[in-house]
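Two complexes come next, and they have one chain in common, chain A, joined by chain B in the first and chain C in the second.
Coming up: the complex of A and B.
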């Protein structure tokens, strides 16, 4: 069933649909291979008094797993997405308001966190939230023979020595977020980072083509 | 976040339209919105769109101990989640009153009508049974959540396959999907909820109300029915009375609608089964409507990672050097006390102190700066002078970020005193960088020559931004 047998050195099929939900201010689904995440953005809207920050907007992220109740794992994912998105959102533009991002797992076939971040970014774009730059996340891993695999599927990730997800900004391609599971040498870490950085360009290109497609005259 | 209330004019407009037998989305009073059923890659995953209302259902299973009262029956859990994605009024976490009502109705529709055979979910009587859990996530709330939710839940239950189990004597083996084909649940019938909205004491009736129609309605009725015309649940809410005829008319409408919907579910299930048996791609990624301008798809892309390895090597090569140079000799001062970098000035309370660390990290810039100092010592280089000017002007901007700029000036004079007689060693950029030398030189830079020191402040300002 796995559609991507060639992804040893590449990204899986990327797909997106924006503005698919009528109620939120912005929404998007982002798919990478079979992995699919839906994200919705509300904001800038009113904020609960205890969460209000007087000089900038409060960024809230809610991550919903597909089955079962959200636990610690989901909370940590929420935190990662929140910190990544808050870095790029110009929060000072909307003081004392909230920007809520809701992400819903639709299908997990590997690289779910990266997919969540990319979906959130596309939803933020759709909502027209002011951002200083875009953000794209790429996951990569080292398999049991220490070969580098970009955008791994869940099957590939099962026998990974280490699994890393990096998020980059679109202006300088600098690291915004880095998470890591497992262990590797410094050399390997740097090469994982460097190849994710190269791959992130493809995601930014995808953002651009989808924006162009939406805004084109004909 | 609070729900945006409907304005009075909008309310009046809606009601006036309903009175004249019209609806804002152009439907007739008895029309249903378009239904789209999509199955996910996983078994038991189903997304249903009813107009703009969207619901995602996922079925999962787990082997648990049965309840004492029913040792030979499996369990069915229904969990309807009003995700904050669906409407700004829905809070994450706790279930609202509305959520509880919907959850209970869905439970009555599916569980209490015995749509799924519970006894076939028994593995070992009194010891192990299957617990089937249905998570229904509301993704977008545009009215008739229950209609959409019940379709999604029953379609997901029919689509789901649980692992096969063999019991030999006392041992129970749960087979993996690779080992043995998973088995479907036995679904006896497919109950579907149909919502009706009533206006003006039941004078006007609408089938499948949208969110806006729901917010102006006086009362609503939910009828759950299956294709065999068996009523599973009827519930009426709101402050109004209905005549017997009206309820009978609703059930007549429900019969027709349920037949249509059941047909649609069966068609969607058979389409999915066909696609799976032919080995075609399925799942959401495949069901993206590709012709819309809001969607885009990019083919799998190869990424050339050969350069990345070189880049990594480059980074490491550069990063390694300062680490080696950081090998500073420490001297034992007293029992239990060690000192490092003796001979340098005290860097405590100096705001520039943190910059030194930065300099060690990237020595390129460091060397640059040292060159600059050299040039200025000569006092002949125009370039240096110009640089000098720009850096001064930049500092003014940067000072805005620091409230402690006056304190800084104080520390600088203090340094001058401390280091009064210190002679700066000649700096050779090619020479090995010793930490102590680096520390000392940077001290000198900050104390003897004003502008470069200020330039550092600017860098710090950037960092703090």
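Coming up: the complex of A and C.
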């Protein structure tokens, strides 16, 4: 298990392990503090007739909560992860096939969506799915005294004025996905976005160090 | 570009560079500017730049500057001309459907065997293991297998009959095993005679004289994935000792 301390950047300690499941084509766990998600990728595989797209691959995401049946909230999370991953996957390279990502929540202690996206990205890398670039997601919030908190825990997020998750691509550091709960001013939104953008670099650095360590073994 | 990568470019040669999807590799290709070079799997051209689209190690082959990315992938993507091991999963008219581990099953014509004619059909049953070469493999078409070369000879291809055992391994292991540098098969053959067929889709079929020798050979091959050449030599050496010990114990 690779792990790196990100305290200087305001992010919680991140850790990951790739290729830990034998059945899927690619798999990874990603942990941020106590939040932990496991992701598995199957593909490019056979696709059901009604989901087939003639000129590109169908990207499917299944989100499994820790307990209970997936509901509307989970479906919307699936949709967010799907759209984020589809923008970076080179779907035109494998037309009429499916790329399925299964994300399993292991522990939710805040910033779960960001953790899901990061785990999916690492699993896609492990599976060797062709990608334009990498994607990293970071969550941040404003607390009751309007102070900015990066990568908040679920306890911190309880009394948040607003909570935002942004995903960035690795080449241009541009926003891929943005979700927002609560309300804030324009300036506050810009500062949330800017601090997430700088913090995403730490996640990209983490991807690189863990990939290099993994490749060094072979 | 991120500062850590520039350091790696400076400190290491262009070969065996570890790359991630989205890495701009233009600075690696500056040295080859002017001369022609080819981009293999995992590399794409984006306008004037070359970008990686897979996570792995950048490799280079000298004679005509071929670059590609080597990675540990499990899913097979069919490539024209590669030999693969497949399982016959169905018959549809005059073609067989063969599972080769790709996204769709490959087709295999009943006429694509040595000596096959419309009268003289090959004896193929569902569940058989076939060793074939990919005649057609591109992303827009169904892959097509043949079990003979252009001259109509089998050349080792065909149905894997009379016992034997097929197992799944990573694509990287097969590539490593078949590379000219690797002496695993040669060394293993000196310890115990085995018939072996390695498909580029991560499947290996083998048949030893006895069941135990088949299992031993399988274990030796699957354990060699992350071994260096000297470690393989040591492993086969140890295997030789234990095999000879085992046989002397029996007799």
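Points to keep in mind about this one:
Operating definition for what follows: the second predicted complex is superposed on the first by the 207 of 218 C-alpha atoms of A that agree within 3 Å, B and C clash if a C-alpha of one lies under 4 Å from a C-alpha of the other, contacts with A are read in each partner's own complex, and residues count from 1 in each chain.
As a convention for this text, a residue touches a chain if its C-beta (ideal position, glycine included) is under 8 Å from a C-beta of that chain, and two chains touch if they have at least 3 such contacts.
It should be emphasised that the depicted structure is a prediction, and the values quoted were computed from it without experimental measurement.
Applying the stated contact rule after C-alpha superposition, one finds that A:125 touches chain C and leaves chain B untouched. When the shared chain is aligned, chain B comes close enough to touch A:104, but chain C does not. Once the two complexes are overlaid on the shared chain, A:53 sits clear of chain B and of chain C alike.
By the touch criterion defined above, A:193 lies against chain B but remains apart from chain C after alignment on the C-alpha atoms of chain A. In the overlay built on the shared chain, the residue A:161 is in contact with neither chain B nor chain C.
When the two structures are aligned on the shared chain, A:45 is found in touch with chain B and with chain C.
Residue contacts after overlaying the shared chain place A:169 against chain C, while chain B stays out of touching range. In the superposed model, A:12 lies in contact with chain B only, and not with chain C. By the touch criterion defined above, A:184 lies against neither chain B nor chain C after alignment on the C-alpha atoms of chain A. 19, 24, 45-46, 98, 205, 216 are the residues of chain A that lie in the contact sets of both chain B and chain C, per the superposition on chain A.
Interface residues of chain B facing chain A in the complex, by the touch rule stated above, are 1-2, 40-42, 45, 47, 52, 54, 56, 58-60, 81, 83-88, 92, 133, 135, 137, 139-142, 211, 279, 281-285, 288-289, 292-305, 307-309, 311-313, 315-316. Contacts from chain A toward chain B in the complex involve residues 1, 3-4, 6-7, 9-24, 27, 29, 31, 33-34, 36, 38, 40, 42, 45-46, 62, 64, 66-68, 98, 100, 102, 104, 106-107, 109, 148, 150, 186-187, 190-191, 193-195, 197-199, 202, 205-206, 209-210, 213-214, 216.
Of all residues in chain C, only 2, 4-5, 18, 20-22, 24, 42, 44, 51, 53-57, 71-75, 77, 103-104, 139-140, 172, 226 touch chain A in the complex they form. Note for the complex: chain A touches chain C at residues 19, 24-26, 43-47, 88, 90, 93-98, 125-128, 130-134, 169-171, 201, 204-205, 207-208, 211-212, 215-218.
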